[in-house]
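The chains carry the letters A, B and C, assigned in the order they are written, with residues numbered from 1 in each.
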Amino acid sequence: MLRFLAGRIFTMLVTALCLTFIVFFLTNLPPNLEKVAKSELGARISDADVESWLGRNGYADPMIIRYGQWLGVVPGWTRTDAEDGRRFGRCLPDNGLAAVPPGASEMPPPTFCGVLQGDWGFSTVFRRDVGEVVLRGLALTGKLMFWVTVVMIPGALIIGVLAGMREGSRLDRSLSTVSIVSTATPEYVSGVVFIALLTPTVFGYRLFNGSATTAMEDATFYNFTLPVVTIALYGMGYIARMTRASMTEVMTAQYIRTARLKGVTFGNIVMKHALRNALIAPFTVIMLQFPWLLNGVVIVETLFNYKGFGWTLVEAAGNNDIELLLGVSVVSVLVVLVTQLISDIGYVFLNPRIRIS
Amino acid sequence: MEPLTWTGAVGTWLDPVLWLVAGSLAVGVVAMIVMSFFAAPVTLQANADGTVMARGGAFGFVERAVQALVLALCVVVLLYILAGIVTPYGGAGIVGAMAKRLLPTWIALALTFAVSIAFKRRLGLYGKLFDNVIGMIGFALVMFWVFSAIFAGVFDMIVTHDPLSQVSGMKNEVPGTPVPGVDAMTMGAHYLLGGDALARDVFSRMIAGGWVVIQIAPLATLFAFMVGIVLGLPAGYYGGKLDIVLSFLANLILAFPVILLFYLLVTPEIVATGIPSIMAAVLFVFPVVFFAVLLNARFHTRPGVRGPVLIVVLGIMGLIYLSLISQPGTIFTFMPRWLDLFDISGGILVVFVSVVFVNAPTVFRIVRGITFDIKTRDYVAAAQTRGEGPWYIMLWEILPNARGPLIVDFCLRIGYTTILLGTLGFFGLGLSTESPDWGSTINQGRGLLSVFPHPAVVPALALLTLVLGLNLLADGLREESLRD
Amino acid sequence: MTNHHTFENRTHHAARMYAREHAAGDIDRREFLTRATALGVTTAGAYALIGLPTPAAAAAHAQEGGTIRMNLETKSLKDPRLWDWSEHGCFGHGWLERMVEYQIDGTLRPMLLESWEANDDATQFTLNVRPGVTWNNGDPFTAEDVARNMTGWCDGTMEGNSMASRMASLIDENTNQVRDGAIEVVDDTTVRLNLNAPDITIIVGMTDYPAVLVHSSYDGGDPAENPIGTGAFLPTQNEVGIKQVLSRNTDHTWWGTEVYGGPYLDTVEYIDYGTDPAAYVAAAQSGEIDATYQTSGDFVDIFDGIGWQKSEAVTANTICIRFNQQQAPYDNVEVRNAIQMAVSNEVILELGYNNLGTLAENHHVAPLHPEYAELPAPVVDPEAALAALEAAGHADTEFELISIDDAYQAASCDAVAAQMRDAGMNITRTVLPGSTFWNDWLNYPFSCTEWNQRPLGVQVLALAYKSGVPWNETAMANPEFDALLAEAMSINDIDARREVMAEIETLMQNEGVMIQPFWRSTFRHQNGEFVGIEMHPSFEHHHYKWARAA
C-alpha cells in the first residue's frame, strides 16, 4: 500500500511539473509577454520599449532558466539601476515591479525565491501575493463546493437507487429521463434559464437573487441557492445514472434473489443488502466527477459574479497574469490527481473482495 | 401586415384540444405517481372467468389512460405539423410556418425511418435500434438537427432570412413580428422566432447555428476517436513501457483544467505563433496513419491489391490533410493554390484542434481498457497462432469487437463536444462573434434575458434537444448491444 | 508690484463678449459657462452675466451619514499622470483633489484654487491658491505644491504621461520639460503661468481626472498605499477586481465643508461586477448595489422597468470607427469615402445604442459645442459606394473591422459590417477582449475606439487628430488641419470661430477620417435613496456632494 501511495505521489509531482512547464511555456510566448509589458506600462509604448522593459525585468533569460527561477532551483534575477542605485529583482517586493531605494533595508534579499521556498510570486492583476489570491479563491469556492456536495450527492444517490431498484418500472423510466435531461443541460444553459425564470420580481416578491456577490461574505438561501443548484444539477444526472446502473447490476445478483426467496421485505433488501454493494462504483464516479465540476464552477462563478477560484482562473487567463496562472494550474492539477488517488484507494477499501485478497 | 400568433387560425380549434389532452395527461401522471406509492407490485391476478390480468383496478385504469393520452398528445402534435404544411403561410401561425419550412426535414426523417424499419433485420446494430423506443426517439431528435443543418447549410433551404443581415426596426422583437417593407404574405414576411439584439432572425440563426455545430462537433469527435484508437490499441495490446508513457501523457492532458487550456490555446496571440498549426499537423495525421495501417494490415497478403488501394486512398487523404494544414497567413503555406482544396479560417482551426486535443485522452483510456479486456479472448489467441501481425490483430480482431461501447461513447462524446463548443462561445473564445453557433448566441442573448428571453432561450433549447437526443441514442444503442 | 484686482471690478473682457454672443443666441449656456469660468469668472458671476440666478445646491435635502454601494470596475491605481481610465479618478478623487472641477452644468468650480485670472490674450494666467488648506497629515498646502505638481505634469519624457499634452503651452520643445519661467511661484498663495502661445484650454485641462495634486512625499506607485491628500475621504479597502472603499476621514478638517458643504456620506463602496451589464441588473435586483456607475444602451429600459430612477447626461461621448491612414487599403481616400457612403449612421444608432443619442456627422464636433457648424448630412448610397470602391480597384478586398467586446461598441460595429455586407463589400468582424485590444489600439487598420467628451470642442481635436500627438490613432497628418486647429485654439469672435470650425469639419469629412455615428447620452440609475449623484458627462464622481435623501 505504501509503495503504491509513494508511486502515485511521485507521478503526481512529475505530472504537476510537466503541466506547469507547459503552462509556463504557453504564457511566456513573445506575444503574451508583450501583453504583460503593455499592461504594466501603458498601451502606447513602442516595440523597442517593450524589448527593453522585458530585458530589464528578467524576461529575456531562456525559458528553462526562468522556469527554474519560478521553481526556486535557480537564483532569482536581480538588477541594479545604474543611475540611482535602486535595486530590482524577482526576490524583492512585488517581484521587482516596485523598486527598492538604495540602502532601504539592510537585509540582503533571498537568492532563491520560488515555489520550493514557499514564494508563489506576485499577481499583476490583483496586485497581491499569488498565495493570498489563490487561498481567497479556494476558500470561497470551497464554500460553494461544500453546499454543492451536500445537495448533489444525496440527491443523485437517492435518484439512482430508486431508479435502479426496479429496473424498467415507470419510476425508473421517469427518473432516468430526468437524469438524462440534466446531463444534457450544461451550466450555461440551466443557469441562464434559472435566472430568466426565478429571479425577476413578480408582484413585489422575488424568489432568488441573480447575483451571488454578497454570498461571498454572507451566504444565505436567497443568494446562494441558484449557483449551488446549477452546478449540482449537471453533476447529479451522471452520478444518478451510474448509481442506477450499479444498482440494477446488484439487484440481479444471486444473493438478492436468495434474500427474496428467504422472504426478506423489499425495503430491507434494498437498505441492508443491495445498498452497500451498489454504492462502491458511484463513490469512484463521484470522485472522478470533481474535475468536471471545476469546469462548471468556472462558468457558474462567472455567471453569478461569485469571485471564487474559477473566477480567479478566468481573470488570470484573460489578462495573462503568469504567476497567478501557474499557481492556479498547480492547484487544479493537485485537485484532479488527489481525487483520482482517493477514488482508487477508496475503491480498494470499500470493496472487501479486493481489500482482503 | 399582421403579426403571426403562435398557432393562427388552425389554433382556434386545435388549441383547446391540446390543452384538454395535456391537462388530462398531467392530472393522470400526478395521479399515477401518487397511487404508485400505495399500489401493490405487479402480480398476475386470476379472474373469475379464467382470464389473467397483470394490473387491475383503479391504478391499472389510470396507467392505461395515461398511455392513451400520451398517444393522443403525439397525434395532436402531428396534426399541428400537418396543418402547418398543408395550410397556406400564416394559416397555422408561427408553429405552422416553421413546420412548413421544415418540410424537407420531415420528408427525410419519414423516409429514413420507413427504410430503416423495413430493413431493420439486415442492418445489424443500427437496425436493432429501431426495436427500442428510447433509441428511436433519440435518433429522431439527432437526425432532425442533422437533416435541418444539411438542408440549410448545403442546399440553402429552411432558413427564411440571412443569418447575418440586420433589418432596421426588428431589434429584440417578439416571435411573429412582421418585417417592415414586406407586404405579401409569403415566407420571409415575419421573423418567426423574433429578432435578437442586432435585429437578426432568431429562427434562421438557430438553424444556421445547427449547421456550424453539426459541422464541427461530429468531425472533431471523429478525429478524437482516430487519435484515441491509434494510440489506445497499442498501449493496451503491448502494455509495458509504451503503455506507461502514453498513459502518463493522457493523464497529463486530463489533469489540465479544460477552460485554462482553452484560454491558453484559443487566443489571437497563440494563433500568431503557429502553435495551433503545429498541433493540427500532428493531430490530423492520425486518421491518415489509421487508414494506412488498416489497409496495409488487411491486404498485407495480397500485394497486388494492396499497392493500388493504398496509393489511391492515401493519395486522396494526403491531399485533404495537406490542404487542411496549409493555410495562408500561418506558418504552413506550402501548398500551391491550385492544389489547395479548401481553407479553414484560423479561428475555426484552433477551435477544432483544441476540442480534439481535449477529447482524445478519454477515448484513449476507453480503448485501452477495452483492449486489455479483449486481448485475453480466444479469437485473439487464434489470430496470434495464425501468425497475423500485431496491427492486423488490433485493427481487425480487437477493434470490431469493441465497436459496441465505442459507438455508444461516440454518440455521447458528440454531445460533450457540442457542450464544449458552447462553453467556448460562452467565454467569447474561438468562433467569431457573428457566428450563429448556439454557444455564442446564448452568451449574447443572456444580457437582456429578463426582458427579451427569446434570443437566448431558443438556442438553449436547441442545444438541449440535440444533446438529449444524442444521450438517448447512446442509451438505446447500449441497451440493444447488451442484449446481443 | 502687481495690482490685485478684486473680482467684482475685473471681469475678463472676453467673458462679456461671450455673454453678448449668448444673448444673441449664438452660443448655448453650457459653452458660455465653461468659457467664462475658464477665464476666471466665478460661477455666480457667470450666471449673473447672462441674467440667471445661480442654481441652488442640493445640500438642503441631504442627510448626514450613510453608505452608498455602486458598481465600478475596480482598477489598481498608479502614478496619477499615467491614469488612463475614469475609474482611476473615481476612486482616487476621494483623497486626491484637483485645482478645478468641471461641473455637470459646464461651469468650472475652483477647488484647491480659490480663483484665477487671465490676461487679455490668454498668454498669462494667475492662479490664486486657496488659503487654509492642509494635507491630511497636517502639512500646509501652499503654492509650492501647485508648482511642483505642474512641473511634474510637464514631464514629456515620462512614458504615458497624458498631462504633458494638456500643458503643451508650458513645455520647452527642446528639453521636453517645463520651460524656464513658465511656472512662477509669486508667493505662498499665488502662482503665475507664462504660456508661449495663447491657450484657452489650459485651465480646462486641469479639470481632467489625472490632474490631481500629490504630496511631496509621493514617489510613484500606488497612491492608495500611503494616501496623503487634501480630500475628505481615505481609501480603507483596496482589493483590485473585487472592492474599493472610501471612508470619511474624521481626523482631517476638509477645507470644502465651509466653502461648499459636505461630505455627507460615511463610506462609499465600489464593488466590481465585471463588464457585463447583465450582472449589474442582477446586482440591482438583488439589492447589492444602490446605484450604477453607468447604464448603457439596451439596459436603460430594463432599469426603468425595475423601478429605478434615471439620471441622463447628454454628452459628446462617442465612438470613432476610424481608419488608420498609413495602412493600405485605407491610405486611399476614395476607399475611405466609399466605406463611409455605404453606412447609415441612423441604423448604427438604432441597432448599436437603442436610439439613445443624437446623430453625428463623421467629424467629431458635437452640436453641444457652440462653435459647431452645421453641415449637410452625410450621403448614404450603398450602390454608389460599391461603384466607387470598384473604381478604386478594391471591390474584392477583404476588410476587417476590429472592436473591443464591450456591448454597445461591438453592436455598433456589427451594424457597420452588416451594412457594408449589404452593399456588396467583403468584411469580417473581429472582437477582441479588453486586454488584447488595448495592446495595439493605435495600430489597427480599421477599428472602433470610444472617446469621451472634453469640456471644449477643440480639445478632442487637439488630442486625436493633430499631427504626431500620442493618441492620434488615425495617423492623420494634415498641415492644413493643424493650422486651422491652432487658429481655433486662440480667442476669436464667434462667427470667425464658426467659419474656422466649418472648414475643419468639411476637411475631416472630405478626408474620410472615420465613421463617427452618434453622440451617446449616458445614464445612471439609482434606487431613489440618494441625492447629488447625478450622472456626470465625464464620468466623474464628486463624492462630497453625495448624500442620502432626507
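FYI, a contact is a pair of C-beta atoms (placed from the backbone, for glycine too) under 8 Å apart; a residue touches a chain by one contact, two chains touch by 3 or more.
Source: prediction; values computed, not measured.
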item	value
Chain pair with the higher count of C-beta pairs in contact (A-B, A-C)	A-B
Chain with minimal offset from the mean of all protein Cα atoms	A
Approximate Å spacing (C-alpha centroids) for the pair subunit B, subunit C	51
Centre distance in Å when subunit A and subunit C are each reduced to the mean of their C-alpha atoms	42
CA centroid of subunit A to CA centroid of subunit B, Å	28
For subunit C, residues that touch 2 or more chains besides their own	281, 433, 436
Residues of subunit A whose C-beta touches two or more other chains	35, 195, 199-200, 302, 318
Multi-chain contact residues (two or more partners), subunit B	269, 446, 449-450
Sites on subunit A touched by subunit C in the complex	34-35, 38-39, 41-45, 49, 98, 125-128, 195, 199-201, 206, 209-211, 213-214, 222-223, 302, 304-305, 307, 315, 318-320
Subunit C - residues contacting subunit A, complex	76, 82, 84, 159-160, 221-222, 239-242, 271, 273-274, 279, 281-283, 285-288, 306, 433, 435-436, 438-442, 470-471
Residue numbers on subunit A that touch subunit B, as the complex places them	11, 14-15, 18-19, 23, 26-27, 29-32, 35, 170-171, 176, 180-181, 183-186, 188-189, 192-193, 195-196, 199-200, 266, 291, 294-295, 298-299, 302, 310, 313-314, 317-318, 325, 328-329, 332-333, 336-337
Residues of subunit B that touch subunit A when the two form their complex	32, 36, 41, 63, 248, 251-252, 254-260, 263-265, 269-270, 272-273, 275, 415, 419, 422-423, 426-427, 439, 442-443, 446, 449-450, 453, 456-457, 460, 463-464, 467-468, 470-472, 475
Footprint of subunit B on subunit C - complex, ascending	276-278, 281, 298-299, 301-302, 305, 346-347, 350-351, 354, 405, 407, 410-411, 414-415, 417-419, 421-422, 428-433, 436
